[in-house]
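Per-chain residue numbering starts at 1, and chain names A, B, C and D are given in the order in which the chains are listed.
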Amino acid sequence: MTTTYNAMELMICVASRELEDGSTLAVGTGAPCAAAMLAQRLNSPNLSILFEAGSVSPQLPEMPISVGDSRASHKAVMVSTMGAIMETCQRGYVDYTFLGGAQIDMYGNLNSTFIGGTHQKPKVRFPGSGGANDFGSFCWKMMVLTVQDARRFVEKCEFITTPGWLSGGNSRYEAGLPEGTGPYKVFTNMAVMDFEPESRRMRIISINPGYSVKDVQDNCGFELLKAPKITETLPPTEIELKILREEVDPHRYVIGR
Amino acid sequence: MDIIRKGRGELFTDPDPDHARAFFQKKSRKMVNKSMTLAKAIETFVHDGEYFALGGFGANRTPIAACHEMLRQRRKNMGFCGHTSTHDFEILCAGEVFDRVDAGYIVGLEARGLSPCARRYMQTGKVKVTEWTNYSISARLRAAAMGVPFIPTRNLLGTDTFECSAAKIIECPYTGKKLALHPALYPDVGIIHVHESDVYGNVRVRGILKSDNDLARASKRVIVTCERLITNEEIRRDPTETTFPYFLVDAVCEVPYGGYPGTMAYEYFSDEEHLREWLKAEEDPDVFKDFLQRNIYDCKDHHEYINKNGGMEKMLQLRTIEHLLHKEGKR
Amino acid sequence: MTTTYNAMELMICVASRELEDGSTLAVGTGAPCAAAMLAQRLNSPNLSILFEAGSVSPQLPEMPISVGDSRASHKAVMVSTMGAIMETCQRGYVDYTFLGGAQIDMYGNLNSTFIGGTHQKPKVRFPGSGGANDFGSFCWKMMVLTVQDARRFVEKCEFITTPGWLSGGNSRYEAGLPEGTGPYKVFTNMAVMDFEPESRRMRIISINPGYSVKDVQDNCGFELLKAPKITETLPPTEIELKILREEVDPHRYVIGR
Amino acid sequence: MDIIRKGRGELFTDPDPDHARAFFQKKSRKMVNKSMTLAKAIETFVHDGEYFALGGFGANRTPIAACHEMLRQRRKNMGFCGHTSTHDFEILCAGEVFDRVDAGYIVGLEARGLSPCARRYMQTGKVKVTEWTNYSISARLRAAAMGVPFIPTRNLLGTDTFECSAAKIIECPYTGKKLALHPALYPDVGIIHVHESDVYGNVRVRGILKSDNDLARASKRVIVTCERLITNEEIRRDPTETTFPYFLVDAVCEVPYGGYPGTMAYEYFSDEEHLREWLKAEEDPDVFKDFLQRNIYDCKDHHEYINKNGGMEKMLQLRTIEHLLHKEGKR
């Protein structure tokens, strides 16, 4: 029997498996939040979600539209301030974050500020950091969930909004960012990538069903490294899809994109 | 402890705690009735050219009624604190109220997408932008609320966000670590929408607070809009519930549904349909002009805006959604 | 008709007159708290009291034993944290504070840490700063309420716990303390003193009934300056004494000392 | 931004945020039942030689039961955070539990006078002291709670308190002002008495909080003693009420009257008569030895101590005093 699923469903299911029980996660709205909700309903009931607006460990009844809306603090154990949440991250209590951006480079640096023109007169203005630079600086493992596209995966971000491994090697820690933090994995519709431990360059570790290493490289604006052994990504399971579709996102806000 | 690197962004406000102290020293601490109309409060306490900040997070507990009133009163050339700003930013761009902005989060509406109007305005080159992060702005308000000129943090480091900020990197004299110093941010005026206040400005907020505790303390003048006035006796009955005290506050305006079309936790959920109308109308500048005329400039006040968009019936629907009452029996 | 009163009653009544309506005051327990309560009940109903433990503008039903006890937050408009209170002072919102100490010198510096021996092996150990250094650094006008005694009014504090005018002149501001702050007045059983604006040395401005300038100087360990015109302190009024005795301190916790 | 001056006091704890982060990274975030006896909690989480701090202000909401248990378990050679400490300090000196102290407020009991026992111990020369102020210690806990190595403030300047502290004075790179840098204080263990907690350690405090929000966040391990356990459902019913969350907490001990003979706001007032007994007994070291034997060392737990000093009848009296019920009809 073949299970069908779309790219977004695949990314959410694969990403959600990283979130082990008893870990903490700082996250925004959209696909990352869906991944967290799925994890909570499957293998990680003790996954604690923190939203930058102030909510700690909510029990999400449905997808929040805003990380500050009342869904995002539903049956939370605490609601507090942005300072309290960010300080919890800065203090070293938060294991994971999921981020995105208009551009990502080979070191996992992210651009969500502008593209084209100049900073003071940009061609296309984006929201800026929001909490991304903060989460990407403070959380132990930063993950990215995005579509594989050569315009998005660029040689060099026009603007580094959020730090990845900066210029690779030890540059992140030399800049003063907290020891032991950094980009961990990237999930796309085509593959899963991590970062090679010495150079800190992005490398393919797993290919999603139906794609090849070439597909991934063709849709990437820089040369990807390859892990010694590239595995095939386990596709979404029946139960993952069922819960994702019926409980996490019944209105298809995210998985319908 | 030399300065290792300086961001090249402009600092729009004075971080000197002695200058702020001199202002706060003269501010009255008398517990007097400060209730007034929102129009009067904006007229009295918000002036062209000044720097202002708004409470709430995104479109949650955001003083939307106050934003509309600022447009009606044609405020211009202001500095704005773009801290988790969404629908508020969209409105303020529509009125071209500000010409300089500290950018934490701007032009977007979280999961709802990006505002065409806000992007157009930000892409004109007419707005000076200094980049920060959401936490950076929290930290800057924290420093001001503390009464010190800066706070050190560990974000910004290594990024262009830092390069376009007004932060400074130094080496910690205790640990040798690099830290980003964030200068105190004292807005000329802060406007905060809350659940409850007495007429003196003793305020209660429920649910997420974002940085509004510090915003109230950092701002030289504070306008509070509240869902409802309560008595001072009620405030004193349980002082643990008070979020910030009266002596910070200059004006208290009772504006029920003052956060509409955003969410007010425990009161009403956002009007997503109407927020989509905004985004749709913005696509065509001419259409948007008419939209603004009808929804803001032709309205006497926030109640007229609400009446044009569903009135009490809509408010009751949003209350039902907020309390998940449509789900009763399902979970 | 002659009204009789004791030294403590006099000091409290005279000090309370400084606290004008609509001002803010950071204060501890004991005589200063009695002065504040008296002011509230007479001319300054809008006097806002802040206690370092976290209470803002309480309506004190009786004398608190501790600034953190439930009396001290009775019908407060807010209870919060020590940080919030101290930051309110540091931010410039608090007009007055009353402090005391084992020693005070001619510049209004205070010692409440130790006397005799060394810091690590003191002859007599006192509590240390508590909130005194903080209030004395941050509040606009620092006042002292204490008994006139040559062992207490010393040429030089053995240890400066809390800053007064330091070594006089501009030294307080050169040390970095907030502009415009500093010792304002000293109330004793014998006199009221302020600080001469140039040298910042303590000077007599008013003599309490029954005492002379010589009495004050004889009970002071350093030379006091004298104001151009030294007045006679207005003694406690009937109404001040009545309210102090019947409402503020009916159990004579403070005025019975 | 050179260091202008350094206090000569010893820094008893490591202000390095990366060392603290490494500890916090390994700390379990699982929401598991952490309820246990106080004896077990002290045995498991408080070790000889470590640095500890207590919640509460003076003798208000102070974990007195935990202090007694530390004496019964003969903890020694510890570092102590003397932040607004009063009756707790008196007990700990009686047990000679610590040999180094950060002094904000010590040896006194506010309006009650000074502790002869605490003063004797502090005058022996056996205790290393670094001077701070109450706000200084708040600021140091705040820095640790933030996860940064220091916070700048404007107190301490110009005084011997600074000279005997471990603060450092620098010049502000924004304003040129002198500031006192306060190094982060991460206690090995913090013990906090609260009104309510669930078994996971989600905690509610009413009334003044002093610095306990930051103490819980700054401490590597946290023991909570509570007047009563409540359900997690109750916590989640109104998350605005939560003071600090479960993942900070290692042990939750239900200890009714755990702050006796101090005050617990909204619960019971202090037993002033018994506190005077302490001060009186301390005057004669032999008398005091017997007093301690009877009230601490011979007691199985805090309830036995309470039973020896009036039991439930006394507790009801203290509740009456707390609620000013003796005054009903008079005011």
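Note that a residue touches a chain if its C-beta (ideal position, glycine included) is under 8 Å from a C-beta of that chain, and two chains touch if they have at least 3 such contacts.
What you are looking at is a predicted structure, and each value in this text was computed from that prediction instead of being measured.
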| item | value |
| --- | --- |
| Pair of chains joined by more contacts [C-beta pairs], B-C or C-D | C-D |
| Chain A and chain C, separation of their C-alpha mean positions in angstrom | 57 |
| Chain C-chain D separation of Cα centroids, rounded to whole Å | 28 |
| Chain centre separation in whole Å, for chain D relative to chain B (CA means) | 37 |
| Distance between chain centroids, defined by C-alpha means - chain B, chain C (Å) | 40 |
| Multi-partner residues of chain C (at least 2 other chains) | 55, 73, 79-80, 90, 138, 178 |
| Chain D: positions in contact with at least two other chains | 17-18, 146-148, 153-154, 177, 179, 207, 240 |
| Chain contact topology (line, ring, star, complete or other) | other |
| Interface residues, chain D side, partner chain A - complex | 17-18, 20-25, 27-31, 144-148, 200, 202, 217, 232, 235-237, 239-240, 242, 244-247 |
| Of all residues in chain D, those that touch chain B in their complex | 1-3, 15-18, 146-154, 168, 170, 172-175, 177, 179, 181, 183, 206-207, 240 |
| Interface residues, chain A side, partner chain D - complex | 21-24, 46, 48, 55-57, 59, 73, 75-80, 87-93, 95, 138, 140, 178-180 |
| Residues of chain D touching chain C in the complex | 56-61, 82, 84, 86, 103-108, 110-112, 114, 119, 122-125, 128-129, 131-136, 138-139, 142, 153-161, 164, 169, 177-180, 207-211, 213-214, 263, 265-266, 269-270, 272, 322, 324, 327, 331 |
| Contact set on chain A toward chain B in their complex | 28-30, 51-55, 61, 63-70, 72-74, 79-83, 86, 90, 109, 113, 117, 119-134, 137-138, 159-163, 166, 171-172, 175-178, 253 |
